[in-house]
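Here come two complexes built around chain A, the first alongside chain B, the second alongside chain C.
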Partner chain A sequence: MDLQRVVQVLATLVCVAGIIGAVIVARTRFRSLRPADSISLGVVTLSTVAFYKLLAFAGLAAAPAAAMVLANYHTFEGTHEVRACNGCHVMRPMVVDLMDPGSDTLAARHAKNKWIPQDQCYGCHSDYGLSGSMAAKAEGFRHLVRYTTGFYTEPIRFRGHFDNANCFKCHAGTEAFESRKSHQDVRQRLASNDVSCTNCHGWAHPTRAARTPGSADYARLMQNVLGKSRTQ
Partner chain B sequence: MRELRSEAWGALLAFAITLAFNLWPRNPYLMGAFTFVAQPLFVLAAASYLWKVAVTLRG
Partner chain C sequence: MGAPNSGLPVLPGSGGPSEEPSASESELTRRDVIRMLAGVGGASLLGGGAWSVLELGIAPGAGLDWHKSVCRFCGTGCGVMVGMKDGRIVDVRGDELAHNRGMTCVKGTMLRVLNRLPGRLTRPRIRREDGKLVDATWDEAMGLVARKFQEAISRDGPDAVAFYGSGQLFIEESYTANKLFKAGIRTNNVDSNARLCMASAASGYTQTFGKDEPPGAYEDIDYADCFFVIGANPFECHPPLFERIQRRRRLHPDTFVICVDPRRTQTAERSDLHLAPIPGTDLLLLNAMAQVILADRLADDKFIDAHVRFSDGNATVDRAAYEKFLADYTPEKVEDRLGVAAATIRRVAYRFAQSRATMSLWTMGLNQRFHGTYLNSMVSALHLLTGQIGRPGATPFSLTGQCNACGGVRDTGALAHLLPNGRMVANPKHRQEVETLWGVPSGTISPTPGPDAVNMFRAMEEGKVQAALVMCTNPAQSLPNAVRYQRAMKKCFLAVAEIFEDSETAELADVLLPAALWVEKEGVLGQGERRYQLVTKLLDPPGEARSDLQMLVDLAERLGHGELIQARTSAQVWDEYRKFSASSYYNFAGMTRERLRKERGLQWPCPDESSPGTVRRYVEGEDPFVPKGAGIAFYGQPDRRAVVFQRPYLPSPAQVSAEFPLLLTTGRVLEQWHTGTMTGRIEELHRGSGPARFEIHPSDAWPLGIASGDRIEVKSSYGSVTGRAHLTEASRPGVLFASFYDTKLLINDVVADNLDPTSKEPEYKVTAISLRKVGEA
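Showing the complex of A and B:
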């Protein structure tokens, strides 16, 4: 059983227990509880007041904290997967192209040649280090707001600036990269992002024209190649 | 101890959203509901509960 499944099972148990606890707390009249009454829990006997106070703490503080921690695993770690990106239909063209063995885009070449064996989207679209990853997550929240509220138009456009450091983290220092005179000539400009790697190495994803609804490629690019989704 | 009905119903709604998101974690709408509705609800319910506990302890 992988970690994601373990988290899912634990979070489900916590949520179900939290729902039961919250219902009991909502139906409890705390002012009418009598300290003299007691409840036996098998191994221990508590006064009803103590029992319902503990239940309120568990249902309104402890279980919510546990549920948030567990569910945020999906928000922070689960979104590294290509399947997570595929959940938003506007990302389908990139994922379809990524999985297409006949495509020669940068993303497809990195996937089919196993240069990035898994989590290809995150591999290129998150900068190294904590600050970079937090920035990527902040950008992800912005995307989430816009997608769920419908404030976007197709084809989507990359608003930011692709940092060449995402390429350098694998390519810098390699013989294939360093031995090229063309790389040496623009090394400083690549490092400062004055020149983009894609200037010479071609499109990373399908063009905006291909991703525009009604284009000849649109239907093919919108196929769900990763299985059934509940987002459409 | 004061009544905790509104806090409990708020937490209940948040648990239901969290449960749905946990079962379908790649659904962006459920992720949005968890991030922008359930988590604030959890925080508000817990803050209100702790406030009532503090008031009860002081009183």
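Showing the complex of A and C:
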């Protein structure tokens, strides 16, 4: 069982425990409790008042807080996964292409060659460091809002520049990158995102036509969902 | 909610004990609650509003205005998107919707600074008698040009003037110049720098298929499983196309790339098989491949029977005669002269013939050759013999060096022997057709083809051409045997339309005319796969600079040919030429200006507005000129059969000797384009390429004591030049390489000006030279 699954189970248990605790606390008449009565928990014996106060704290404060932390962690980690992106149908052409061994897009080549073995969407679309992760999360949230409120048209288009730092994470310092004179010529421009790596290294995802529902290219691409591979 | 002692506000209707709660029940009044709610509501609206504005109101791309355009460098003709802000170009990206699917190279990427480069010519200039150029008005400059032209014409007739154009002028400009000179001035002294790079490809295709221009398209790269790259280095010279090849290989790892080049170029480095023949001998390879294909029964007999005719160059011969001719070219008989082992030749022939789809790609390595036409027609012949044509991925494809050599020069017929849309000056019927279409009296067009590029400058040397207009090219640096023709240019009255004030040719000009560059004017470019794409005007030219079309219209007026040149704007010329084309197999009448504004270019034939254009020529269902049921029809030939010629190998005039024991070959580097007039001024590109240098194999350098960085003198029977040596095993022993972009290493002064007898294209690729060290590193 991987860490995510552990967290998921743990969060569920915490939620269930918290709900049970909260119900018990809600049904308890605190004024009728007698301070002299005590409850033994095996290793420790508490007065009933202290026990129910602690239970109230656990059920009403600690368990929700823990559940929130665990749920956030789960969401934070879960949205790294390709399937999280695939949750919105507008992303499906990208994901179908990514998983297509017959595709020559940058994304598909990075996936099938295991250059990015897992979480490929997040691997290229989160900027460097914690702030990069947060920015990616914020961007994901923005997508979610637009998607659920219906403020989008298909095919969706990438807005602004793709941050070259995502390429540099792996490619900077490699012989293949450093030995090319052209890279050195425009290094400053690459570093400042003035020039995009994809300018010379091509299309990352399916063409706009293949991302437009109703088009022949879209139909051809989406055939792969049924396990049919494009052949030429 | 609603608990009496909860301390929370009690809302109306919430079941509280009183409609007017006292201050003792809550410290908050109803008014406070309403204020709070209003505040929260207001803040939410503000936040939501700001988000909506940011999300929905701002166009993609950080507030830039994006316009579709076309790269103005090589013949790949990449579609680009130009990002503008405050009237300036700030970004250029590949166009995702264009044929290049969003890719460009480093040169295309740096187009963003092109129009802002310092040193632009902004006012006309006239050379005074003391040799100094001084500013002048347009009226003074054009008045002088017209006067000199008229003087020369009245003295020695129309052939005393000439036009030397470029594969970078827009189609409308080359078409107008061609019409003005051939039908107005009545001289065929119209040639172009495209003669220096594409003439052999044009004559090769014309001889084989009856019509110029490639039958296939870039799209074929996505389907080929064998690439035969000969005399081309697409990694450096056509990077987006090489990337496309690489993509094909990554997708289909069994795709096989064969590279034939005397140098181990970056393309060769990435190929599955590299053959390095001795420069000038590769016709032996092609003939030997044909011999193996026919002798080993690799030929597509059915295809040959249906679509191919054999010829000895003069008359039709039968297949047996062709096979007999090839008997002298068995791999074993040619391997020593070629420098490639017989077994390797056989391997290549088998790959070529047996692959599911073979695509040949070539460029200057075959074109700039004494046997350029032979070589071109032989590559097509290999495709015809094996039936590797007319299917996706199977095609002989000649790559182009300039952005508009195909559309602008070959298709408009802006060469000394051509008329528009594949017609010949020497053909009376063709002349008659063009005279009718142009509405000029019969006999207007001179029946004598004019001089080709090199001979045009020789005519200046001899005083036959006394006044010439040069547009959008730098012949003082790009011609072979360059110093000789620089002297010739000095003898002639030279009007030069230029973008920079200090190019090598500008130094020789008598009148300098400031020209608009790239998106400072509007026009159509036709790239290597018959695709016409529109470049719209996005900027005003600097100072008083004008488009070349404006200059030609002005000259026409001043020479009294205003009535002939009725189309005065780019759109008007396009419309005239579009309708003109309907009379030919080049028919692109369906490419209206409006369509070109919307679409990412269209490939001709495209006879009507409903036509999507033609990806593969001569193929039923794709090419509108192929009749139903024909399958494939090479309709350029009278019998609809493509021709396979017997092409005997004759040694190049450039042969090594005791005096000149090595061979020099020239080419491009990735970061620079042509003579570097533009790319040489772009800091990033200049830094990348560095100064030009001689690449020498260590085995040639060591006996002469030459180390990397040493200054060496390279000498041929034409001239000598000194430069830095760079030792590399990428060169074949016995072969030096240099690029021609650097004015400080004017390599073309050394290069031979031997011409292909048919295409008249100079043999830049083979020059016999000697070498000596003249200085330490």
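By definition in this document, the second predicted complex is superposed on the first by the 181 of 232 C-alpha atoms of A that agree within 3 Å, B and C clash if a C-alpha of one lies under 4 Å from a C-alpha of the other, contacts with A are read in each partner's own complex, and residues count from 1 in each chain.
By definition in this document, contacts are C-beta pairs under 8 Å (C-beta built on N, C-alpha and C of every residue); 3 or more make two chains touch, one makes a residue touch a chain.
Just so it is clear, the structure is predicted and the values come from calculations on it, not from any experiment.
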Partner chain(s) touched by A:Ala11 [first = chain B, second = chain C, both, neither]: first
Which superposed partner A:Ser38 touches (first chain B, second chain C, both, neither): neither
Which superposed partner A:Arg146 touches (first chain B, second chain C, both, neither): second
Chain B versus chain C as contact partner of A:Asp104, first or second or both or neither: second
Which superposed partner A:Thr212 touches (first chain B, second chain C, both, neither): neither
Touched partner set for A:Ile19, first chain B, second chain C, both or neither: first
Which partner reaches more residues of chain A (counting touched residues only), chain B or chain C: B
Chain B and chain C contact sites that coincide on chain A, given as residue numbers: 145
Chain A-facing residues of chain C, complex: 51, 55-56, 60-62, 91, 93-94, 96-97, 101-106, 108-110, 222-223, 239-240, 243, 247-248, 250-252, 392, 670-671, 684-685, 687-689
Residues of chain A defined as touching chain C within the complex: 102-104, 109, 142, 145-146, 151, 157-161, 181-182, 184-186, 189, 194-196, 198-203, 207-208, 232
Contact footprint of chain A on chain B as seen in their complex: 1-5, 7-9, 11-12, 14-16, 18-19, 21-29, 31-36, 38-39, 42, 45-46, 49-50
Touching residues (chain side chain A, partner chain B) in the complex: 4, 8, 11-12, 15-16, 18-19, 22-23, 25-26, 28-31, 33, 49, 53, 56-57, 59-61, 63-65, 67-68, 70-71, 74-75, 78, 81, 83-84, 86-88, 141, 144-145, 147-148, 229-231
